[in-house]
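Two complexes come next, and they have one chain in common, chain A, joined by chain B in the first and chain C in the second.
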Partner chain A sequence: MTGSALLKPTDNSVAEPADEALLSVRNLCTYFPVRGATPFAPKRVVKAVDNLSLEVGRGKIVSIVGESGSGKTTAGRSILRLIEPTSGQVMFDGMDLGQLGPRALRDARRKMQIIFQDPFASLNPRMSIGGIIAEGLKLHSIGEGRADQRDRVAALLERVGLSADHMRRYPHEFSGGQRQRVGIARALAVEPDFILADEPVSALDVSIQAQVLNLLQDLREDLGLTMVFIAHDLSVVEYLSDRVAVMYLGRIMEIADARDLYANPQHPYTEALLSAAPIPEPGAARNRIMLKGETPSPIDPPSGCVFRTRCPIAGPECATTTPDLKPLGKGHSVACLKRG
Partner chain B sequence: MDRLLVKMRGKPLGALGLLIVILLVLVAIFAPLLAPYNPTDPDFMAMLQGPSDQYILGTDELGRDMLSRLIWGARASLQAGLIAVILAAGIGVPIGLISGYFRGPLDEYVVMRLTDAMMAFPVIVLALALTAIMGPSLSTAMVAIGIVYAPIFIRLARAQTLSVRETEYVEAARALGNRHIGIMIKHVLPNIASPLIIQMSVSMATAILVESALSFLGLGVQPPTPSWGSMLRIGTNYMQEAPWIAFWPGLAIFVAVLGINLFGDALRDVLDPRDR
Partner chain C sequence: MPVERNIVLEVDNLQTHFSTDEGVVRAVDGVSFQLEAGKTLALVGESGSGKSVTSLSIMRLLQKGVGRVAGGRILFEGRDLAALTEPEMRRVRGKDIAMVFQEPMTSLTPVYTVGDQIAEAIMAHEPISKRAARARAVELLETVGIPEPATRARAYPHQLSGGMRQRVMIAIALACNPKVLIADEPTTGLDVTIQAQILDLMRRLQKETGMAILFITHDLGVVAEMADRVLVMYAGRTVEEAAVEPLFGEPRMPYTQGLMASIPRLGSAPEGVSHPRLQAIRGNIPSPRNLPQGCAFHPRCEHASPDFCTHNVPALEDSGMGHMVRCARWRDVLQTAQVAP
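The block that comes next holds the complex of A and B.
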């Protein structure tokens, strides 16, 4: 990975509980240069992902939650090297993904797959469902011959709740939920160890969301999948995740075991997000924390703590010091000067 | 291919287009058998004659049989249209696809600016330059048209590729471990094909007309070999006394262009799985 002096991030490693991690992300930064109005304008960068560190244990689901523009999607793509990160290290199953050459990276992709957000954009409209699912099998020479590959595709279709007859149909003949199942089958076809789910249900109807989430949950249990689950909705990931990381403007604000985070949020941003979730109980008292204003531009983020402009408890020191993730014990870390 | 024909049945206009194209191609291939006279043999006793029993479509200014010239002219005109456009697409689509897929400074500052420069280049001037090198002939004209039309395909293929490369299915293809070449052929090309097919059918029609202009200037088919374009141009000199000389090649060009466009239109629909 390359990084010019301009793009160099500050180093602040955070110790994470390390129990046989399949995926280990250290100080991952992805900066995008912004083209100025003239060639002489000062060069600026968007820090889409800034200093992200994350450990995902084998068989665990870690969720990354954040609002639009928080960098969670870029973070996921950078982990898989679908976007080239600016700096940092991603260790996957003992391999340093950043060091792999093109060929080795293609081979490694078999072990890490991705499920996309938009089921209408993620399937090639000119390929049949069977062709879409079989593509990975062909690329990685999985299965013995065409007949075996067809059997595998049929089994995969049934595994995700579709029928083997759907093989010859085309994506436009399916609903959003069905397409998302095809996308899941495509990811599963190459028998990956790790799946990145990038908001896999946010484009679906609420009734379909639960079905797809249940499917993912089943698959995880049956196949022992390790997952990073990206969402913009804390309530969606609550029952699915082992750990949850909350992102804001490219940085992790708080990371903790799921139960701990929901019961005992430490960061004011996490508190605000949790208080915004509706409680399915008529007349339940809600103590909503309303955040002021909008997310600042990532081209020109606030100095010090990026959240300070909207933080209800910010003090003067927050404008000068950038908080690092501080461990609070039990795997709970928070990036806030006022807390922890 | 079977399925393709079945689907064609549901499109009477497309089938008509296909029929016209096939018919014209057959006429061009079997011209020696179909033509009643030698198209280059003058009959000075029967100059500028109207349609008659002897000469069904009449004769031109040198008394040559219009029907025979029309049949033989299909060869030059269809070749000019087909081969020139296949050449143009063959040059343009790969360049546009690769350039748009990888982007970068090479795409923006080299390929696109050269394309702009070529688009500013008049076909006639290029044909003149090529004639100086290759000598005047039908193949010179075809190469000239092919080169001049290539930038259209570069631009179209590039523009379409730019939008397709950002889609999630292309990203999914990368995530599966495809090579770039595999993504371009399996995922990008099929999704940019529709406008390219339409452009090819439109370009084929205009290429027939450009060939006629080049022939008129003596840069294409050399007299006395007939082509519809050269016949049309000569016919304009005799519009008053012998309008059929211009009418028949004009009608032939019209029918050919119509047939190619109808066929191209239907082909695009048939190749789109969403229309099944």
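The block that comes next holds the complex of A and C.
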């Protein structure tokens, strides 16, 4: 299998998705209606996700990186159909999720689990750790009887680096990193094929972040898990990612194999993100590309290229033409009129 | 020739305790440092290590009846802050020592415009008319890089983005030209491109005003960019303190070494390794309610010796040239590091 097939931008042609892709997202759009300033003002929409396409090969990790409000969470949730997308198609393991009835969708969802950002908010404080992890087992009738379910919970706890006797304890007795491990064990309980990890380490301390990232790497290797990993910071996902998509205001600006994206970024926004990351070396040469201003309101995004108001190389054409993702070869695509 | 050092703030053996249901928590246990005019000292450490409590102790803003400074001294330009009356201390806060917090939304009042809030901060410390204070507020908004400052002065906090609100907080902090700025995680939670702007702004303002900055953060990348000197905290204690270059170039406390090794650095993924791993520190951050005996780091330390480190708290030692380290085995650790490729 070639790496370049993992997450190639799709066009609107009728080509079949590459057969090794577990997840294939095509032209996904999720728009939210927003109230106008007055009751009579025209209805407007936030294009939280606008024409997103990507493919995730089995056993691969594709990261979606972008700053706050760029649409990462909405994209992830729309893929799992926890949010109903406005248009577009999501194929998972050969099934078109949009065509499934409620029951079939629930069965499909068992194979698709989420790990959340906030390990504090995402665990029910009144349930024991064992109860939290066993919930999915019960829901999907996995395991033969209580004893078997308990054994499974014990094994899951060990698997994520906790111990079986943590089962009877409650979330408040755990640190942030430990709670995130519980969240991972809960996701693994139903033996998913796919995990959506929405900023799973953003709330954790540095020394704990590394542990959790390594755990996810182990799980992918040992269990063959496929993941979409959401982050707002490119440095966090470098070790983990096979492919990286950079989002800005709902759109993918650039997508490439990880090594290629870090070594050879093409989009000015990717360059700016890379150069804005603080380097933990005093006196390191910082050829920082300082972006002007802030991300514009998603309700009233700039015409043409949504990045142009902050772009150091924007020209007049960028105000009138919306760039599509252009393939540059080797699975590297960029949405920029000035590049590629 | 001795170098003239202009120490504006000195913290000497600070001890801050909280009374809780589970007994006394020693949130800060013997922290000392000196802050020089025009320089930045970074206080770095993971959650619960006592960074914010240190700054609240300096400002005398600990929750009454719960937290108290149980020992040590805090001197601002040689004056013991503990000896001031509350009205005197109020004059110090804002005028001499100003503070910027992580979440500007909670420190701004939602019902007043940001212009009014800046003007208020100026009038609290200077005999100046409301009109003049308002004009200064607009100037300050311009200084901190807010576009259309006159229009923005009339905005309410919720109408601004997180980055803009942080700029407003910095404008309020700068309103009376403080000698010391305490910035407690001022860019945590902001986007990296906005963080870069705010850090740039703080550096520029320090150059212009000569203020000293106590910069609290858990981000070593930010430390490397901002600090002249760095103090690393772990479980309420200083475990290492040095000028920024030696601290990054030759960290000596195993915790600092582990922290440096565990940060994902851009472009550091090893070539040809299919699923690379980061170097993590094992174990968890201890709860200050339940600290390990001896060196608080020993359960996570690969250099810990069973006979010493598990029972004794090592002293903070000068390992040479003012590079302070709290580790009984720092000499051996240093040797191991030098032998390793």
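By our rule, the second predicted complex is superposed on the first by the 315 of 340 C-alpha atoms of A that agree within 3 Å, B and C clash if a C-alpha of one lies under 4 Å from a C-alpha of the other, contacts with A are read in each partner's own complex, and residues count from 1 in each chain.
One rule holds for everything that comes next: contacts are C-beta pairs under 8 Å (C-beta built on N, C-alpha and C of every residue); 3 or more make two chains touch, one makes a residue touch a chain.
Remember, predicted model here, so these are calculated numbers, not experimental data.
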Room on chain A for both chain B and chain C (clash or fit)
fit
So, A:47: does it touch chain B (first), chain C (second), both, or neither?
neither
Looking at the overlay, does A:243 come into contact with chain B only (first), chain C only (second), both, or neither?
neither
A:281 in the overlay: touching chain B, chain C, both, or neither? Say first, second, both or neither.
second
According to the stated criteria, A:251 is in contact with first (chain B), second (chain C), both, or neither; which is it?
neither
Looking at A:172 after the superposition, I want to know if it touches chain B, chain C, both of them or none. Which is it: first, second, both, neither?
first
In this superposed model, does chain C or chain B come into contact with more residues of chain A?
C
Can A:208 be said to touch chain B (first), chain C (second), both, or neither?
second
Quick one: classify A:235 as touching chain B (first), chain C (second), both or neither.
second
Where the C-alpha centre of chain A sits as vertex, the angle toward chain B and chain C in the overlay (nearest 10 degrees)
80
Rounded to whole Å, what minimum CA distance do you find between chain B and chain C in the overlaid structures?
12
In the complex with chain A, residue positions of chain B that touch it
167-169, 171-179, 182, 186-187, 190-191, 273-274, 276
Quick one: in the complex, what on chain A touches chain C?
67-68, 175-178, 205-211, 213-214, 217, 220-221, 232-236, 238-239, 258-259, 262-263, 272-274, 276-284, 286, 288, 290-291, 293-295, 310
For chain C, which residues are in contact with chain A within the complex?
46-47, 147, 161-164, 191-197, 199-200, 218-225, 227, 244-245, 248, 258-260, 262-269, 275-282, 284-285, 287
Complex contact set, residues of chain A against chain B
77, 80, 82, 105-110, 112-114, 116-118, 121-128, 135-136, 139-140, 170, 172, 183, 186, 190
